[in-house]
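Below are the structure tokens for one structure; questions will follow.
Letters A, B and C name the chains as they come in the text, with residue numbers starting at 1 for each one.
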Amino acid sequence: MGETVQPSWLSGSRTRLWSAARAARGLYRVLRANPLTFVGFLMVAFIAILAFLIVAVPFVTGLFGPPVSILPHDPNELLPCAIPTECATSPSAQYWFGTDNVGRDMFSRVLAALPLDLAIGFGVAGFALLVGTGLGLVAGFWDTPGTLGGALSIAIMRITDMFLAFPSLVLALAIAASLGRGTGPALIAIMITWWPFYVRLVRGEVLAVKHLPYVAAARAAGVSGIQILFRHVFRNILEPLVVYYTMDVGTVIVTFSTISFIGIGVPPTVPEWGGMVEAYEKLLLTAPWTVLAPGAAIFLTVLAFSLLGDGLRDILDPRSRRALVQTTTAPGLASKGAAEA
Amino acid sequence: MAPGRVVGIVGETGSGKSTLGQSIPRLLPEPPARIRQGRIVFQGSDLLSIPKWKMPIVRGTSIGMIFQEPINSLNPAFRVSDQLIEAVRIRKLRESGEAELFRPTEGFDYSKDRPVDPKEAIGRTFLPSAPEGRRPRAGRTSEELRKDALEYLRLVRINDPETILDLYPHELSGGMRQRIMIAMALSEKPTLLIADEPTSALDITIQAQVLTLMKELMDEVNTSILFISHDLGVIAEMADDVGVMYAGGIVEFGPVAEVFERPAHPYTKGLLESVPNRYKADGPLPSLPGSVPNLARLPSGCPFHPRCVFARPPCEPDPGPALEPVKGAPAGSNRRAACYYSEEVVRLK
Amino acid sequence: MGRSKVDLAIFVGKRVVWFVPVLFGLITITFFAGHASVRNPCAVWVGPHASPDTVRNCIEYFGVNRPVWDQYTGYLSNLFQGNWGKDPQGGQPVLPIILTLFPATIELLLAALFLMVVLGIPLGVIAANAGGRWPDHLVRLFYLGGWATPAYLGAVVLAIGIGPVLGLPNSGDFSSTPDPGWQLTHMSILDSILRLDTGALVDAIAHLILPAASLALLNLGIATRMTRSSMLEVLPLDYVKTARMKGLSDFWVLYKHALRNSLISTVTVLGTTAGSLLSWIVVVEEIFLWPGIGKYAFDSILSYNFAGTLGVVVFFAIVVVVANLVSDVLYGVLDPRVEWR
């Protein structure tokens, strides 16, 4: 008898495989409809893998001997040249993005900054996502006046409004400047100012979802508040959150690099894109590659996340999805003609 | 369609009634929509061969349309007066020839006009200097346009047109909005009026009022009407001829009384049988099994065969039968049906 | 609740009252962030080579040795009497400085918003009308590219790379202005119009165009994306078809009937955008040396000028609140269904 019974893990994995295949098919359809999103997806994947290799290869090889970097040069190594401040050479086969005014390889510097900037983008946006979603769920779901949740909800929203009533970059600058200069203070400053956007987003979505008929139906059927929150409400706010998070990674990178650009973020010795643009700003006319290389790095990274996020919005938002996906998959008007053809 | 005649289109949800209605004035966004074959012959010219930028001329002068949802069919951001006067004004511009390269007349072949400079064509489509923004010449002041608009509101039996004119659509009831839509469609003096389920979204009493109004107007305004509805009773009341639609195609066509009395297509028969009859309350209500197929995945053969009690061999492998005159129908009645066994169906009672 | 003038007045009044605690909270946060983390700002203010006497005088003069709480209450009570503290560098009162700089920032902000509306909204209409086809992709790439360009990079490239090529004056350098005594409202364009001075007007626009363009181009996406997505929602609706059936050409259908309804959501987003524009205005003003409070904020933050920073915080918050209020009122004007409450 035993041999006829399929092991549960097998059937489970089959279902999983099947749904994965279905998801992949859906993904393919969507990407075909939205070539820009596909490009964004490829760019994000490439950037993430590159950043991983830059960090992982020296670490792994370091375990067995001298660390090997995939960067062609040490980012802080001064290359030999005659006059120490006029060493900028234009891009060549040896130095792909040229060298800066003290003779450091720009290509290596730009690449060396990638893991830091990317990690900050993911990390800060992720932190804001967690904090903001938690507070937003509470503020949106338990907002009955006169209860503890109601009071909490009011307090959360007042504080959120306060943060939102002020340009976040300026607040982050003020905080970063007060805390002292360096990567840590800059990070803390962005973290402090970043979460309110998520509270507003999540609360708005929760309020919108909460009164939908099927949620009311679940409540009427006796499903508890927590269950409703996770089973119905959370699932519905997931899509806008994913979209917002994707785009936000890019925005965080821009903001962090702006703080560095102003000169209160990372110290000059650490390669960071914003700091590099600031350091080489004066060279824009004489050695434009020194500004354009880190600039292009930020531009492409942020663009990748924006393309992906903006496309995801069209795909995940049912209203614009209907309007857009129709253009490629609708059977067309002459269904009778199609049937006869 | 003959002038002055009312043709009803009836069918289940998803059978393509509205698509048909909207494809005549080419309202469907192209792309995604595409008319793969066939012609839309209107007043002697094929609307499909008219360049897209000329369609507004046809729409503004010859074809009027009433939509299903009165909530969505009036622009919420403008007063009734703005919207109605706009319609009146554009028609006047067209009539006086100010808005046009030519003046369309009855039986005019829109497609064979003098060749037009493409730059001019683009300008007429996408530049604000297109004359629709202007007020027509020839002494047409805004008071006169307003008077015309009031005239049309009275035509659709609105008691207090002065007040109504200055309200926003959301301040009006559904029936009132639909009356205004009718006034707007009529203000274009169309030769063809397409009414896409004009009463389906209304309460039953309002529905009766609007239908009565439309019937009265039919006598006053000499317009052909394409009346789309899923309600067989409404069609029987309003239409002279009826076309029954299934899965995107017309399966039966003929005078209303004859089609409803002796259907020649099994689908029409099924549709008629599933109407509740208050005189025969006993026994279960017969209903058509299944539902309209997805138009993207039509069954092979006759699209109705999976639900048809008459289905047998030529129905399945062969492509759907064409709309052909029904044998055995009274001579000269113009009955047509798309079924291999229409003769058999008609004889059944 | 209704749409009468009284309802509107009550609505505006409520919002202004709501603003008071927000402002209070912002001042508190900024005050303590600065004063708690920097123990002895006098050491920074007078410089590292000052004599102990100078430092002591500074401490006496600014009262920074008092308990933070005393300083806080003192600051608040002075604030209401119009004494917003003194600039530690020159010792001038902060409020008059900000009041003369503020109009220039407003001018820049309005110019940028004007460009965003004039360029961004038609681009959104074009993209939506071509939903999913190449003009749509092109417009999306354009605004996402702007979004992905950090403000400092765009501004640096425009200021150093492109401005001289076009022969535009270096923005902050007003020495080319024909009549230096033209400041009446401190808005160069308004001033030159008031004085009917065409030469000054041309010059003012020449100064304004690059900073405004860099702010607008980078944030174009906000207006364009919102217009695009709300147009995608509006275009399939029946009233757009009704408008087509009247015989209106595509231009009037799109820009009168469809856009009027899409603008409702675009206006809301543009109002909340003011906050993020202010963030970038700080950077743009610094790079273009634009004599506004953005540059003043930048300098104040970096030089631990607490009075200046707090003053700017108040003004920035006022801008954000007024912008939100204006957008709410515009929302009601555009959508006749809205009731003031």
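By our rule, contacts are C-beta pairs under 8 Å (C-beta built on N, C-alpha and C of every residue); 3 or more make two chains touch, one makes a residue touch a chain.
Here the structure is a predicted model, which is why all the values come from computation and not from measurement.
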* Asked: Where's the contact count highest, between which chains?
  -> A-C
* Asked: Based on the averaged CA atom positions, which chain is farthest from chain C?
  -> B
* To do: Please report how many Å separate the Cα centroid of chain A from that of chain C, as a whole number.
  => 26
* **For chain A paired with chain B, centre-to-centre distance based on mean C-alpha positions, whole Å** => 50
* Structure fact -> Averaging C-alpha coordinates per chain, one finds the centres of chain B and chain C separated by a number of Å equal to 51
* Where does chain A touch two or more other chains at once, residue-wise? -> 327-328
* **Touching two or more other chains - residue numbers and ranges from chain C** => 133, 235-236
* Structure fact -> Two or more other chains are touched by the chain B residues 31
* In the complex, chain B residues that touch chain C -> 22, 25, 27, 29, 31, 53, 56-61, 63-65, 67-69, 72-78, 83, 86-87, 90-91, 94, 124-128, 130, 132-133, 168, 170, 181, 184-185, 188
* To do: Sort out for me which residues of chain C touch chain A in the complex.
  => 19, 21-23, 25-26, 29-30, 33-34, 37-38, 131-133, 137, 140-141, 144-145, 147-153, 156-157, 160-161, 225, 229, 232-233, 235-236, 272, 275-280, 282-283, 286, 297-298, 301-302, 304, 309, 312-313, 316-317, 320-321
* Structure fact -> Listed in rising order, the residues of chain C that touch chain B in the complex are 133, 235-239, 241-252, 255, 257, 260-261, 264, 334-337
* Please give the residue numbers of chain A that touch chain C in the complex, ascending. => 33-36, 158-159, 161-162, 164-171, 173-175, 177-180, 250, 254, 257-258, 261-264, 274, 277-278, 281, 284-285, 288, 291, 295, 298-303, 306-307, 310, 313-314, 317, 319-320, 322-324, 327-328
